[in-house]
Structure formats: C-alpha cells, structure tokens
Amino acid sequence: MKRANRLVLLALELGTPIVLVVAYAVWAGPRADFFFPPLGTILSTFWDGWLGEKIASDILPSLWRTLAGFGLASVFAVGLGLVLGLSRVARIATAPLVEFFRALPPPALLPLTILVLGVGDFAKIMLIALVCLFPVLLNTIAGVAGIDPTLKDTARVYQISRRDVLLRIVIPAALPSIFAGLRTSLSLAVIMMVISEFVAATNGIGFSIWQAKRLFDIPSMWAGIILLGIVGYGLNMVLIAIESYVLRWHRGARAAAL
Amino acid sequence: MWLAWAGTLAFVGLIELTVRIGILPERFFPAPGTMAVTLVGQFASSVFWMALWNTLWTWAISLAVAAVLGVGLGIAMGASRYVYSALRLIVEFLRPIPSVALIPAIILVIGVNFESKIVLAAFAAFWPVLIQTIYGMHDVEPVALDTARSFGVGRIERLTRVALPLALPYIATGIRIGSAVALIIVVTMEIVVGVPGLGELILIARQGANVEVAYALILASGLLGWGLNTGFARLEARLLFWHPSFRSVTP
Amino acid sequence: MLRVENLSKRFGDVSAIADITAEFPKGRFSCIVGPSGCGKTTLLKCLSGLLEPSGGAVMLDGKPVTAPPKTMALVFQDYSRSLFPWMTVRENVSFPLRGNGAMDKGQKGAAVESALKAVGLADAMDRYPWQLSGGMQQRTSIARAIAYNPEILLMDEPFASVDAQTRADLEDLMLQIKRDYGMTIVFVTHDIDESVYLGDRIVVLAPPPTSVKEVLEVSLPELRDQVATKEHPEFLRLRGHVFNEIMRRTQVAGER
Amino acid sequence: APGLGQDQTLSPQDPYHIVLGTIPIAPLIPAFIAVDQGYFLEEGLEVELRPEPGGQDIVTAVVAQEFDFGFSNQTSLLIARSRGLPIRAIANGVVGSPDVESAWDGVIVPADSEIETPQDLIGKVVSVNTLNNTPHLVVLSALENAGIEDPASQIQFLEVQFPDAVGAVSQRQVDAAWVVEPFVTVGSFSDTRVIMNPLIETGESFLMSVYFTSEQLIEERPDVVAAFTRAINRAMQYATENPEAVRQAFPRFNQSASEAVAEQMALPFWTTELSPSDLELGAELALRYGFIEQIPDLEAFVYSGSD
Amino acid sequence: MLRVENLSKRFGDVSAIADITAEFPKGRFSCIVGPSGCGKTTLLKCLSGLLEPSGGAVMLDGKPVTAPPKTMALVFQDYSRSLFPWMTVRENVSFPLRGNGAMDKGQKGAAVESALKAVGLADAMDRYPWQLSGGMQQRTSIARAIAYNPEILLMDEPFASVDAQTRADLEDLMLQIKRDYGMTIVFVTHDIDESVYLGDRIVVLAPPPTSVKEVLEVSLPELRDQVATKEHPEFLRLRGHVFNEIMRRTQVAGER
C-alpha cells in the first residue's frame, strides 16, 4: 500500500466517527430532549462518572466477568468444535442439542442460573460463556470441515500423528474461521456482561447502566453505553492484534486482488 | 439420524433424572416430561399460536434485514480498504452495545411495537453477519478473483458472482449465528418490553407464578430455534454442495 | 502493440523482475521461456494489469495498462484455483461471456460448446471442476479463454498437465486460432520444442535478477505441422539455440 | 392513541382508543375489571392493556406518547418527576394492607432458616425486585422502624425479580427476599416463611403505585383523563367490595396464572382517593435514602381533575 | 511388491478406472503414461490407500492396502494445494519427519536442507509457499517426499511445472535416489521421453474405460545419461513405440 493511501485510510478511519459525533452534537444540542442530552453533558458525565473510583469498583469486575466468560467459552468451543468438525458422527449426534441451546433467550435462562449457580460472579460468567460458545463453535466446525481435502490427504500419506494433524494442520487451517467466531463472541461477551448484570448484581458497568436508567439519569446511561463501546473497541483491538500476529501467513496467502 | 435421536434422548433423560431425584427443585424447574406435556397443552390455545406466529414473522423480517444489510456492507467493507477504514471504528464501537441497553431510546424513537422489536433484533443479528462476511471476503481465493478480473468482469459482478460464493461458507455461518441472535432478541424484547409474542407469554406466565407454562414456552422457543436452524443447515448444504465440507464423493 | 519498458517488480525484499524491456507485437505469437522462478508469471500478471509494477511501465497501444484491458484473457498457471467450484465446466467457460452484449444467448452457447469440443471436453461439460482430472481442469481454463475470443491472450504454461497427444492437438488449435482471429498471444512455456513450434518470436529470460537474455525471431513458415516443421532445419537450429541459452546457466552458475 | 381522533367526543358507541401500560400482576386486576365490566366503555374509552415487565419502561413509553396511561411505583415516578419528566399521577394504584393478617407483601426466608427477626438480617443478602425504588425503600424503612440503624450499610441488597426470588430463597442463593402476592403464597408452598411485612411497617396504607399520564394528554384531552380516572376508581371500588370477583378475575387477567395460587393468595388493597399528601412519606424516604436529590412539588405532580 | 488386481473405481456415475491389473516391482522405477483423464491420479490415490477402490484390490507385499502405508510418500499433481500455507518451505519439508524417531534433530535438519538444495531451493527455504513460483512450489513438494526417504514413492506429474534444465536435473536426481536407496518409484508423466529415460518399466494406460494397454520393459543400461541415453537406439525405439501407443488412439477414436 502506498504512502498516500495510508494517510487517506487513517483520515477515513478517524474522520467518519468524528463526523458522526459532530452530527449528533449538532442534532442533540438545540433539542434539549430529555432522553437525548447534548453531547457535552454526556461527555462531562462520562468524565466525572467513569474515570474515577468506578474503574476499580465497576469497570474491573465487569472486565473480569467478560473475559472469564469469553475465555472459558473460547477454549471449550474450540475443543468441542474440533471434535465435532472432525467427526461426522459426533456432529450428527449433537446437532439437535446445539441448535436447541443456541436458540434459548438468555433472559429466560437467568432464573435457571440463579437457581442452579446462584447470584455471584460464577453464574454471570457461565451465562456469558453460554452465549459466546456458539459463534466460536459453529465457526470451528465450519473451518475444520472445510479444510482442503488435498491437505488432509497429504497428512495421511506422510503418516502425520493425530496430535500433529490436530495442532499443526487442523487448527491452523481452521484459525481464520475460528477468529471470525472469536470476534463475534467477544462483542457478545460484552453484551451478555450487561445482560447478566441486569439481575442480582451489585456492581459493574451493566449494573451502573441499569441503575442510571432506573433513576432516569439519562446522561449517565449514555455515558455508560459509550463506555461499553470503548471497552468493546479496546478488547477487539487486542484480539485483532493477536489475530494479525497469528494469521500473518493468511493475509499474505489471501492478499486478494479485491 | 438415529444418532441425533439417541444423543438428544440421552440428554433429556439426564435432565429428567436430575429433576426427579431432586438435584434441581421441581417446583422451580419442571422436569422435561412435564414441560413437554404442558407445551402440548398449549397447542390447544389460539393465544399460543398467535404468539408463535408473531415471534416467527418478526424473527423472519429481522433476519432478512440483518442478512441483506450485513452481507451488503460486509462485502463493501471486505472488498474496499477505504470503506473498511471509514467504518471500522464505528462498527467496533457499536458492535458491543447491547440492544437491550438501547431499549429506552428505541421506545422513544420507534415505540413499543413490532417495529422496535424488529429494529433491535436486526441490529443485533446484523453484526455476526457483517463480521462473518468481512472474514469470508478476506479468505477468498485470490486466483479466482484475478481470473474474473482478467476477463474484464466488472467490479460489482466480481463481488456478487465470484467473491460472494467463495465467501459463502463464512456468510452461511454468520446467518446461522444471526438467526439465533435474532430469535433471542425477539423473544428477549417480548419478555423485557412486552411486545406480543412467545416472550410476552413467558413474561405473563412468570408473573402469574406458573413455572410449568413459563418453561414450556422457553422449551418452545428452543424448539423453534432448532427447527429454524435445521432448516438453515439444509439450505446451506444445498447451496454449498461444491464446498469441500459438503462435497459427497460417492465411492 | 503490447510493450513493457524497464519493468521491475519486487515482493517485499524479493526482487522477482529486475529490469525487462520487451515488445509483444500485435497479431503475433510470442513465447516466453526462462528458468523456474525467473518471473514469467509475474511478468504476465504485470502485462495483464493484475499486478502493479514496482518500476517501469506496461503500455498497450501507447497507453499505460493499470487494470486488465477488456480485450484480454489470461490462462493461469494455477488453473485449479482459477476455476469456480460452484459452476459446471460449461458455466465456467460461459461466465466471462455474460457481459458481452455483442453476442446473443445462442451464439454464446455455441461458442462455449465449440471451445469445449476443441479442447476435448465435450463429454464433461456438466461436471464440476473438482470432478475433473488435472489435465481436464487445465483444458477447461483454456476453453474459457478461447470462448472469450480476446484480442490479446496471455497463457501461463497452459499445457503443463496434458498428455503428449492432447498437447499436440492444443498447440495446433492455438496456431489456428491465432491465424483465424489475428490474436496477439503471449505464451509462457517450459517446453523448448513447443516454444519454437508455436512462436513467431521467443523471449528468453535470464535467471534472477531477471532481465531479457535474448529475443529470437522465428523464421519458420507460417503454416506449421507437427511432423514437417519439427524436421525443418531452422526448427532444429532454433531449438538447439534456445536449448543452449537455457542450459548454459548451469555452467555459468556452476554446479548446484 | 396519540394523533387519532384528537377532538373526538367520548361516547360508548364510538369509543376513543387508548393504551394503558400494565404489569400482569395482582394490583392491576382493577384495570382488567374496568375493561371486563365495561366501565371504560361506558366512559367512551376503548382501553388496550399492554403488559410490561416493569413500570420503568412504561414511564418512557408514556413520555413518548406511545402509551396514554401507565401504572408504576410511586418512587419511579418521583424520580422521573424530580428530573423534570412531564408526567403526573392521576389515580391511586395500590396500597399496603391495614393489618398483618391480610398482608399482601412479605420478606420471606427458608422455613428452616435461623433468621427470625429483622435484626437477624444484618450481614445477610436480601433481594428486592428493583433497587433504588419503592421496594427497596419500604424494606429499608421497615428495617429502620424495627430499630436497625442505617440498614443500607449493614445489609446487602440484590436485585432479583419476583418470579425468581422464591427459588433463590429456597435454594439459599439469597438469605431473604421481599416479595408481593402471588409470590408470598408461592413461597408458602415452597417451605418459606414470612418474617416481616415492610409495606405495612413503613406506614399506614402506604401508597405503593399510581396510575399516571403525560402532561400533554392532560392539556389536550382532560376529558379523556377524567373519564379514565373515573372508570379506574370505580373498578377499584368494585374490587375492594367484591374480593371473590377479584380472585376469579386474576386467572383471566393473567391467563397463565397458577390457579392454586390465585385461590389462596392475599389480595391487594385499593382506595379511590389520591392526594399529594399520600406521596409525602414516600418522597421523604426517597430523599432520605438518596434515590432523589430533592422532593418535587407534590401538589403539581398529582392531578386531581383540575389545576 | 506393490500390485493392483482388477482394480476399478467409480465416482458416482463416472467410471474413472474400469479394470486395471498391474505390478510395481520393488526397487524399480515404473512410469505410467496415458491420456489426460484416463485415471492415473485415481490409480495413484488407490495405490496409496487414500481412495478406496470400487472393485478389486491393492496389495503391498501380499497384504491389502487400506490406508497409506508407513513407508510411502506421494507427490500430488495438485502440488499447490498440498503445501501448508502457514509453514515455510523448510517447515513444509521437515513436517513429515517429526514423527520419525530414528533421526535426531540435526539429522532431520540436514536431510531437509540437502533435499531442498537438491531441488534448487536453497535460497527459498524461509519463504512461504504462496511466495513461490509454481515450479518452486512443485519442487518443494518433491523435496518433501525426498527428505521423507520412503521405500515407495508415488509421483503424479511431478515435473509438469519446471523448466527444461531443472527437469533434466530432477530426472537425474530421481534416478540417483532410486539407485542409492533402492526406492520403489511409481511415476506418472505426460512426457514420453521422460518415461523412457526414467523408467525400468512403462505402464501404458488406455483411454476410458481405462485398462492397461501395454506394459513395456525398458532394457536401457541402468546408468542413464541425458545425452548418451537419449541417443541410444533402444531409447529411440521405445520412445517411438510409446509414441505410437499413445497417439494411435486418435486414429482409433477418429477425429475429435
């Protein structure tokens, strides 16, 4: 990519959000709508409300729940996805259950988690993990099942051990797909963190947003939503950085002429 | 097929047992058998079928909107670094915002009605479709695209007739994830906002302290998702007959 | 007239082409030979506008080429990846014709079938690429280029995977197409006999750092014949000459 | 609904369509009765009941003119009002019972719990259905009345919805929960017992919830507001006088309601009066516990037919 | 001794191989020639146990082959798809050696480097497959098979994408490997000269429905030379014979 292009890309990347933010400021400023407060109000609420002791009392607990749920789900989903992707039999046997659980609305499951897992962090983490599981699982299955047959034949001919087939062929080949799932799941993790803090929580970003909403403290609610955006964005950037390191080969191999 | 039945029955049996021997309290979590019987009882009620219908069509519209927008924008973002850069920050920022947190804003702007349910469900289902489409576009075989380009195939056609089919395995997964997310959000909205549908019946049953009915309806929403997703899997296998994961070499 | 001027191409640290200046005259059959990895594929991709040169330029009729010209077709060396797996052989071949307003449906169908017959795939039209043998895949991609009927045809080792008989047939097919349509053909091959048999000119590339080693004009009679031409003294002379050009590098570069 | 028939006169033959945001719980049975017995229709109103899980989104919907009328906890409304939202209370919603025998709320604990008195709750986890709202407020106030100082710092409060609270208590996921009917009765079926009745212990006939509408509707269609208020008060009157009718109405109002529970549960109490002073105690407590920063003008908040 | 007995293979409706019975004796170099699409690749895949025959059997030392035997390597015709894109050239070549307990790390490294040097890729060891030219990719997959040092080596048109000089070098390399290690080699090629030059025996396959047309024993001296052998009268005779075998089908099948 040429130098001029890089500048254009950077300008676009920063420019479009700025345009949107300015557009909101111009739109919301003079309206004085209770539910859509001026940008300045939201930002100063954000500044005062979130960048102080709430970092330790609410942001960190939420981050912990999000990452723990996401991490748990990812490990489990990749493992299960490998098994199901490699074995048609296992895939068929579990398909109805997977599809059933995929469709259960998490708020409807909240009561069950309270009943079985209680009201602590563990229940929240499990709920987050449950929802994050499926995008990674489906992508892992798709990635594994879609491996080029010639690669699999190559591995068979050269007597590659099962372990190496798994770790050095199947996983790398499925990684582009797995990362697609991880990206979707990471955002779902943040979303589920908020939903899980809807119930039986005493702290957290989601909890604070619900409380702000309940107290009709609308600027705080929006400030919390902005924080969610920032948290989600930050987490995603970390994931993208990991991905672009792990998938170096893939970008080169697929440097598509789009 | 018998395997699928065996797997499912084994699981259901396990849960039934867990409830029957009291690990799960039956008063708060009915045994699967009870749920099923209660659900069959619901089949007699026109209210149930109306609710099911409401849930289904709002799901269908949300998913259609999410799929069209997600695939369209995903292709644009996957194909052009400029579009990608212009939208990336916004996408990454908006994506983790839970639709349920936007409910007050949606009520204000759209109201407590089907449209708000559709907007939120489409909003939530849009992201998986978008992300999967972008990843699919990034995994397109470059030689195939170059081929189309060398034959003077126009950009639009290159994207829709070459890149799109090649990205289809990813997109199909995206739509399957999106389909479940849309259903989840539709039912959640019905529970949380009280728009007519299965979720509203769950809400009412819960408020009326009727655990059996509440779980029967939750079971119904899971079964619905199972049915819909199975349909998708079939469609996917038909569309992707050419892909290594679906090719059948009949020896 | 297609020409490259002081063309160079780098991939990161790797210099694929150091400096190539060459012409591929209109209506003529130009063959490119050169050692593996010397940049032939890279050159074709630059010629077709698929790759942006790092230096120098590709000119078509005096205008720089920045994207594939409408009137050009390319047969890829990596034929198996260049076929669309969800299309049958017939659909693959007819796909590039979709945008051709000058032909009606019947004409397109006829062009596709005749191209497929010409490469010996009449019986395999309704199969999918992944149901074909390697040679059949390669012939499908040749048929696609022929049916497209371009003014300029770039071919990257198009006969590498076909048997001797088919190869001979396809060689004659290419000569006939060139004659019938006045096509400009740029043809990369490893087969020295083939380059002399087919070419009006032969561009010999040197091993990396790649430049043009020699351009040979082939003064064989326009009408060629698999037996007669290959016994022609000029054929034998040129063949020996190219052979020496290509083989000499071993002596120059020393034992590998 | 907004925009439709702005100057339509109210007549039973051609009723005016309005939407009432409800919660499918026992205190709202009068709204159902008013529809069922035709009280609204007699006033020229055709009322659509929209079930919602809680009062808070109803407030937003009423402000957005999505709904014409709503039902909500008094604290929610005070908070909204104190922040300047254009809503006004128009009718009493439901009040606490006069005595412990007829109480329709309670703090429940497992039957075999060591918790016997409010003092035993110190250091424990107690759930309410909404934090920073009337439920939270009545429990805090009742605990203070029972002699516990600054209960907010001595007891941990958690938010758990009523239908889940009984399960949470009986599975010992929380130590105690404040619930209202029908969940007090559900609890009694599940080996829980009541240790206190905060609604009663907060104050006599403590105002729990009210019906409300938007200032805009009051301004544009005071006749509609008046008609609504008359019909709902008439229904509450009827409900108070005919408890058996209420009991029969509940499973029809909430079609999924468990019949066994509906038969045994204690009924809520209704009164047809609403004056600004009914809100005073709740407002003071809300200020005291920091749910609001200042008490809004209660006179201006309560609309009683004319300003 | 590797043999196929009455082998047949169908893909759904398509019969790829009708009936083949043939032997590939231990320590010998067997070449397979035949028209494109006649089932050579299918035959190799059956020989290697990758494909299950529809009828008949593949026997190795008297035992049926149902999965790839431990001592076998296969160079795929579709070489570009058989390389692992996330591994460098070196990693691709050394990957099959991981499970080899008989070699230590140093030996493995040496084997890999010497194989890569032998195919002329000493300078490209740390590149990824997608950074290589077609011929370099093909040579990588050859190096992988060589470094693996199998007892039986199946090669499917392994030199299709390399230039004349490299091809000659690789041919001699294969002969040398066969001599040095007593490898059994089954080699599919389109190049008639190559089949005669390399083979101890040549299996000529007929066009579909595929069967064995002829098996030729090559009675050329064991030590071959690119110049001397190709001028040997026996070479010329065999070459002419195979040429006629392959080309005859055109006359038999009539004009295409």
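Letters A, B, C, D and E name the chains as they come in the text, with residue numbers starting at 1 for each one.
Here is the rule we use: a contact is a pair of C-beta atoms (placed from the backbone, for glycine too) under 8 Å apart; a residue touches a chain by one contact, two chains touch by 3 or more.
On a predicted model such as this, the values are computed, not experimentally measured, just so you know.
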Handout entry: Set of chains whose contacts include both chain D and chain C
Key = B
Handout entry: Pair exhibiting more inter-chain C-beta contacts, A-B or A-E
Key = A-B
Exercise for the section: Could you pull out the chain whose C-alpha mean position is farthest off from that of chain C? Expected result: D
Practice task
Average the CA atoms of each chain to get its centre, and name the chain whose centre is farthest from that of chain E.
Solution key: D
Exercise for the section: Determine the centre-to-centre distance between chain B and chain C, using the mean Cα coordinates as centres, and give it in whole Å. Expected result: 48
Handout entry: Separation of chain D from chain E, taking each centre as the mean of its C-alpha atoms, in whole Å
Key = 84
Practice task
Measure off the straight-line distance from the CA centroid of chain B to the CA centroid of chain D, and report it in whole Å.
Solution key: 36
Completion exercise
For chain B, residue numbers touching 2 or more other chains are 25, 28, 104, 108, 141, 146, 149, 191-192, 206, 214, 243, 247
Practice task
Mind pulling the residue numbers of chain D that touch at least two other chains?
Solution key: 60, 63, 161, 163, 167, 171
Practice task
Going through chain E residue by residue, note those that touch at least 2 other chains and give them in order.
Solution key: 11, 78, 81, 131
Problem - For the chain B and chain D complex, residues of the former touching the latter - result: 25, 27-28, 47, 103-104, 107-108, 111-113, 191-194, 200-201, 203-211, 213-214
Completion exercise
Touching chain E in the complex, chain A uses residues 148, 150-151, 153-154, 156-161, 164, 168-169, 172-173, 249-250, 252-253
Problem - Residue ranges of chain E touching chain A (in the complex, touch as defined) - result: 45, 48, 50, 67-68, 70, 72-74, 76, 78, 81-82, 84-87, 95-96, 98-99, 128-131, 144, 148
Completion exercise
Per the touch rule, the chain A residues reaching chain B in their complex are 1, 5, 8-10, 12-17, 20, 35-36, 89, 92-97, 99-109, 111-112, 115-116, 134-135, 138-139, 142, 145-149, 176-177, 179-181, 183-184, 186-188, 190-192, 194-195, 198, 206, 209, 213, 218, 221, 224-225, 228-233, 235-237, 250-251, 254-258
Problem - Contacting residues of chain D [partner chain A, same complex] - result: 56, 59-60, 63, 76, 79-80, 83-85, 125, 127, 130-133, 156-161, 163-164, 167-168, 171, 173-174, 291
